[in-house]
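Which chain is which? They are A, B, C and D, in the order written, and residues in each are numbered from 1.
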Amino acid sequence: MSHKHDLSMQPDKKPVVPRSEHEKEKIKNRLKKIEGQIRGLERMVDEDRYCVEILIQIAAVQAALKKVGFSLLERHTKMCVLHSVQSGNGEEMIEELMKVIRHYAK
Amino acid sequence: MSHKHDLSMQPDKKPVVPRSEHEKEKIKNRLKKIEGQIRGLERMVDEDRYCVEILIQIAAVQAALKKVGFSLLERHTKMCVLHSVQSGNGEEMIEELMKVIRHYAK
Amino acid sequence: MSHKHDLSMQPDKKPVVPRSEHEKEKIKNRLKKIEGQIRGLERMVDEDRYCVEILIQIAAVQAALKKVGFSLLERHTKMCVLHSVQSGNGEEMIEELMKVIRHYAK
Amino acid sequence: MSHKHDLSMQPDKKPVVPRSEHEKEKIKNRLKKIEGQIRGLERMVDEDRYCVEILIQIAAVQAALKKVGFSLLERHTKMCVLHSVQSGNGEEMIEELMKVIRHYAK
């Protein structure tokens, strides 16, 4: 399997279709909200809050992260993958997409 | 069903078996590490990193959160639930435990 | 770790609190319905049905199985685990319960 | 949103790239094996087998179903979606693909 197909880090790689400033702001705002939720969890531990309350909050953060992940996956598929297939090098992108989905489904 | 059985917020409720300072430190350290990972995600967006790289990192944060959640659930069950059953009011605690698990399994 | 704590097969072990005939019928009916859904999937393949239709049906079967699993887990916890803790040997049962939950959460 | 985009049943729709007889046999064999596992679960209930044993078997069936589902999804994406995009009507197929993935991720 070529190195292009695995999911190792490639820090210089950019989105095939660049994100607009507006898109970037939206994703960052969602992440900042999640960061705040994590700090909220730390406070709950400090305040000796009941286990079940903390667990319910963790489930809320997990749902928020899943949503950000899904919206990135959707944008990647509808923009980057589509564009790559239309430009003729889609097989590799689709191979990679399936790896990401498999990685998530684990 | 009594209000004790639902999963609404009860800010004054404490763990049935109190968490030691050592336990609290351990959980908070794991949460702080996750908070750092979220900030790392924000940086990745700033640096226009490739969608798939960000998705892989989100999956890593999800796995870390799941682990913290599971360890809290395990501690709650082995300490708080067990202790409550042994003290004679376990039915309510087991009812609540199943609600949490159902909430997570959604 | 003792053999009592792992999740290997123990064909002679029975539920701590026996299932009534009514309970057994109910579980078997749900399983028979799922068996029918699987045969429906086989037919869909025979009839060359569209991939997405089959995938939606598979998701339905997965949801049905999850529901049976959850109801068995709930009954096990509320009856067998509770009874074992009340009889004084609950620690082992709770250890085993967490293993099952961890197994499911994988 | 047009009716082509929702996930309602369309019994006359076929795979964009037809399945070979060999492919069909392979999927059916996997489903037949799962059908056998479901019947095994029914027998376990008849034989009063221990709850945890049954739960472990249910988890095995769930894993098997997930695998069949993933392999159908992979084949659909690599064949039907790719082919549709290359033929110029990929946007609809990618829209539908995201709906399926979202449906699974629920």
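In this text, a residue touches a chain if its C-beta (ideal position, glycine included) is under 8 Å from a C-beta of that chain, and two chains touch if they have at least 3 such contacts.
Note that the coordinates shown come from a computational prediction; the quantities given were computed from them, not determined experimentally.
K.L.:
In whole angstrom, what separates the CA-based centres of chain B and chain C?
P.N.:
Roughly 24 Å, centre to centre.
K.L.:
Quick check: how many Å separate the C-alpha centres of chain A and chain C?
P.N.:
32
K.L.:
Counting only residues that touch at least 2 other chains, which ones in chain C make the list?
P.N.:
In chain C, the residues touching two or more other chains are 66, 73, 104.
K.L.:
Based on which chains are in contact, what kind of graph results: line, ring, star, complete or other?
P.N.:
Here the contact pattern is a ring, one closed loop where every chain has two partners.
K.L.:
Chain pairs in touch?
P.N.:
Per the contact definition above, the touching pairs are A-B, A-D, B-C, C-D.
K.L.:
Where on chain B does chain A make contact in their complex?
P.N.:
Per the stated touch rule, the residues are 7, 9-11, 13-15, 18-19, 24, 27-28, 31-32, 34-35, 38-39, 41-42, 45-46, 48-56, 58-59, 61-62, 65-66, 68-69, 72-73, 75-76, 80, 96, 100, 103-104.
K.L.:
Across the complex, what residues on chain C touch chain B?
P.N.:
Those residues of chain C that touch chain B are 66, 70, 73-74, 77-78, 81-82, 85-86, 90-91, 94-95, 97-98, 101-102, 104-105.
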